[in-house]
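Multiple structures are listed underneath, in structure tokens.
Here chain A shows up in two complexes: once beside chain B, once beside chain C.
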Partner chain A sequence: MLENGRISVRQFTVLVALYTVGTAILIIPSVLAAKAMQDIWIAGLIGLGAGLVLVFFYWKIAERFQYMNLVEILEKCFGKWIGKAVAFSYFVFYLFILSTFVLRDIGDFMLTVMMVETPIEAIHIIFLAVVLYGVKLGLETFTRTTELFLPWIVILFVVLFITLLPQIEFTNILPVMENGIQPVLRSSLSFIVFPFLELVVFLMIIPYVNEPKKTKKAFLFGTALGGGLLILIATLSILVIGVNETARSIYPTYDLSKTINIREFFQRVEAFMALIWFITVFVKLVVLTYALCLGLASVFNVQDYKLLTLPIGLMLYVVSLVIFPSSTYLIEFTPIYDFYAVIWGLMPVFIWLVSLVRGKPV
Partner chain B sequence: MVYTIISLLIIGSILLIDKRKFKKYKQSRKDIWVYFGILGFGSCLLLYHSSGRTLPTPLIWIEASLKPIISIF
Partner chain C sequence: MKLKKIRLIPVIALILLLTGCWNSRELEDIGIAVAMGIDKADGQYVVTVQLVNPSSISARMGDSSRAPIVTYQEKGKTIFEAIRRLTKTAPRKTFYPHLKMLVIGEKLAREGFAKSLDLLARDPEFRSDFFVVVAKDQRADHVLNVLVPVEKIAAQNMYVKLKTSADVFAPTLALTFGDLLHDLTSPGKQPVITGIQLTGDPAEGEKMENLQQVNPKVRLKYTNIAVFNVDKLKGWLNEKESKGYNYVQNHVKSTIVTVPCFSNKKEHLSVELIDADTKLKTNSMSSQPEMSVSVKADANIAEVGCSIDLTKQDTIEKVEKLVEKDINNKIRSSIKAAQQKYKLDFLGFGEVVHRSEPKYWKRVKNNWDKEFVTIPIRSRVDVHIHKLGKRGNSYINELKE
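For the complex of A and B:
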């Protein structure tokens, strides 16, 4: 077995929750507000419901294949060579691209709002060094780190929520469904794609939970926790800074924390709030890179996935620098990416159908 | 020029960190081939990028292949 470490069901829940929050915490309010406007919370709830169904389906696939990892599932389903080819395409064309997006997101964020004169290469190298070190130490180690981070995220989030309470304007979410249900449904589709479809990566981690049969509740609870947090923060953005500002801003959550001001004394705490994002992005990137290394090691029958960590890190670094030429290009590319992510994210449906046709899998 | 030197330093430090692993995997030549395959490809991309040329983004190919399908909807 490529991975000898084992994590507990509780650790798995924390990992899923923080992965779900991931990069979405800073971007999702504007993504949702662009279409759903003040009905962001309805779109969020619909998206979360669909996301939970999707996660349940992912878990059912894991259960059907006796908690094998995704590469083993694909090999079992399509045969050795076709399975390996599909797995290779999946890891290179989906997980790798997704990882470069996440890395570039943190680089762009730092460059735009915090360290404008620092070269993006320096930010990427430093962040990636920590992530690769985490991956090299293994699943158990980075999951324990995630557990240590959780109280900090909870504390910072509670502080953010309490300090923003005086500025909440409930009229900002009115009128409800002004433009009908269609924009709300379209917006919830974006919420399903980002971040719920990305949870397919946990098919690589479920086999290494010490009691895989108990992961169903953990997977669903972690997703609900992360998704709930995202809906809360998106709704808070609308309630405090309004629909137009939320939809126009690239990082509305950061702008939201800028508005914290208690008696002209407790203010300019946005950098502390950015800490929530650094932690969740770290968790997301470490899980993605880990799955990428483990998956490619599985495809090529490499004895130890840790051997591939640094070369894959180098590839991530280079591609993240060129992945999108400008943020305008990224905005134009978003609808195409949604479609692209749906193709890869719904691949388990195809696996399910093939396994049904071929009969009992194991 | 400076960026190319930094790139070479990055590649060198990766090889230095993994030096001990090469001895461990001396018997398994396939693992080393996979390792150097990925590292070699990454190094070529990095050196190409560091020389000031613009690497094409992989999103262009995704866009080219999916845009006709999306336009149907």
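For the complex of A and C:
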């Protein structure tokens, strides 16, 4: 057994929900608004619906393979060596790349709006240090940390929502479906890819829940909760700052929290609101890094996954710095990434088909 | 085990060095900019920045012999260039998150100002909640160079004044930068901006003497609203049209309406509007397009300057009719200004059409202003008077002859 810790079903739900919110909370309003315009909420609901189907499917795979972890599933399915090769490329070309994106997202955010002159390396080192420490302490520990953070997220969300209520203009979401359903569907595809497709990483965590059979409801509920919060934030930014500003903004959620102003008294609280995504990005990165370490350890038969924490962390650090040369590159690259991610995210479908052909595993 | 712990110490020490004070800026190193003015001269932007002079506004140690504000001016091909060039003249690096006012000189406003403002939307130091005004018949720097009493910081004075007058009188418009960006890019509404005017000689306003008078010679005064075709100033509305504009926009929270008494046309009474709600509507726009404005308002009697019997329902109804007529006149005059004088939809009917008739909108949105002037607009006002204040009939009714 690579991991001896166990988490409860409830903890699993929290982990899934905060992971789903993750980095998406920062940019999803502008991603959705780019094509779907004021129909953001429709695109969001379609995306969430599809996301739930996807998550259900991921869970089915876990169930079919008797709650093994992803690497073991792949080995079982494709045979030991091919399985290992597929698992290796899966972890390196999808989850690793994804982790570098997540790290770079928080670095870029800090540099763009909060600490313009600070070197990005400083932000990455500090953030990564906390994440790696979490991974090193193990699944149980960082899950409990996540649970401790949860009330803060809830409080901040409620404050954000209530303080923005006076500024809501409902006319901003009219007219509905101005350009037909097509742009809405294109936006919901982006929403499926980011963040729902990324939930595949929980195939590495389900085996370590104390009652894996009960994870189905938890997985679906956590996803719905996280996805619901994202839709709420995206809709709120349309209602408050309008569709054009949302689409033009790089970090609309931050702009949204900047508009909070209750009688010239309760204002300029955006730095507090940023706590929401510091926490959710931390959760996302810690889960991803943990899955990476665990997965690669099981590919290479390393007895203790914790040995891999530092090397993987160093690689994450370096790659996250060189992966995009500029903000413009990232904006141009995002649609390409959507399709790239679909290929990896739909891997479980392939696993399913192969396992059908080969008959039910023991 | 012990050795391991000792090894951790330098690591922890390093983390302390890495905490986020990279861009820390000490209060004594920054000049807090509270207002910014933009003009154009010789093809370059002229940026005027009003800074707070901290030593003279401090409550305890305040040195009242020094001016509470100070302005610096530089030229540049872009705003950013001018701001950075300011470091040559300003003693500290200017700091913008507390910017309250942006003043655009009338000349620049007539030439088109939109392309100068990208920095304010892009740079993280700027928030989008400061107000934007146009300096009527003036350069922006003249407006920023005036010393004003009560609120020592001129920009704060302008900010509060605009907010208050927009709230309780309503011919002005407290337009934030964020709203302005929306109007500049929305095909269904042309922007409008409130004007600010300087009374008296600008040179006098820069002197401390201006602060030492009970009735300062030079003052800053908000005027009415300027109409723009995208970003080019086309003209000024009068007070009636400006108020009409605010009624149509549903911006009126509280204002007064003064109407002649029906007992004696030379005497007047004032009604205070406490709440007004405006709805803009369109029909299906298919064969005979038509749009409408309807206002529902609640009001109280505020001041009576003639002898009428307020205890009769009949009188109140008559007053309501007069008030309705007055508001309707203002609305009609703003519609007339939009459709006939300027031929620009600054009232935002295009947005209403966009929301309710998206198919029709797609056909007309590229020349909406041309389409707009041909569409009849109906208006309807409904006023309800609730309270009389703390008197029933006025003492005026019982004045000795």
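Operating definition for what follows: the second predicted complex is superposed on the first by the 362 of 362 C-alpha atoms of A that agree within 3 Å, B and C clash if a C-alpha of one lies under 4 Å from a C-alpha of the other, contacts with A are read in each partner's own complex, and residues count from 1 in each chain.
Methods note: a residue touches a chain if its C-beta (ideal position, glycine included) is under 8 Å from a C-beta of that chain, and two chains touch if they have at least 3 such contacts.
All of these numbers come straight from a predicted model, not from anything done at the bench.
After superposition on chain A, the partners chain B and chain C are accommodated together without colliding. In the superposition on chain A, contact is made by A:Glu178 with chain C only, not with chain B. Taking chain A as the reference, the larger set of touched residues comes from B, when chain B and chain C are compared.
In the superposed model, A:Tyr340 makes contact with chain B only, not with chain C.
By the touch criterion defined above, A:Met315 lies against chain B but remains apart from chain C after alignment on the C-alpha atoms of chain A. Of the two partner chains, neither chain B nor chain C is touched by A:Val354.
When both complexes are overlaid on chain A, the residue A:Leu232 reaches neither chain B nor chain C. In the superposition on chain A, A:Ala129 contacts chain C only, with no contact to chain B.
Of the two partner chains placed by the overlay, only chain C lies in contact with A:Gly242; chain B stays clear of it.
Think of it this way: put the two complexes on top of each other by chain A, and the tightest Cα contact between chain B and chain C is 8 Å.
When both complexes are aligned on chain A by C-alpha atoms, chain A residues 125 touch chain B in the first and chain C in the second. Across the complex, chain A meets chain C through its residues 112-119, 122, 125-126, 129, 171, 174-175, 178, 241-242, 244-245, 255, 258-259, 261, 268.
Against chain A, in their complex, chain C makes its touches with residues 15, 18-20, 22-23, 97, 124, 127-129, 178, 181-182, 185-186, 351, 354-356, 358. If you check the complex, the residues on chain B that touch chain A are 10-11, 14, 17-18, 21, 25, 28, 30-31, 34-35, 38-39, 41-43, 45-46, 49, 54-59, 62-63, 66-67, 69-70. Partner chain B is touched in their complex by these residues of chain A: 97, 125, 296, 300-304, 306-308, 310-315, 317-319, 321-325, 329, 333, 335-337, 339-340.
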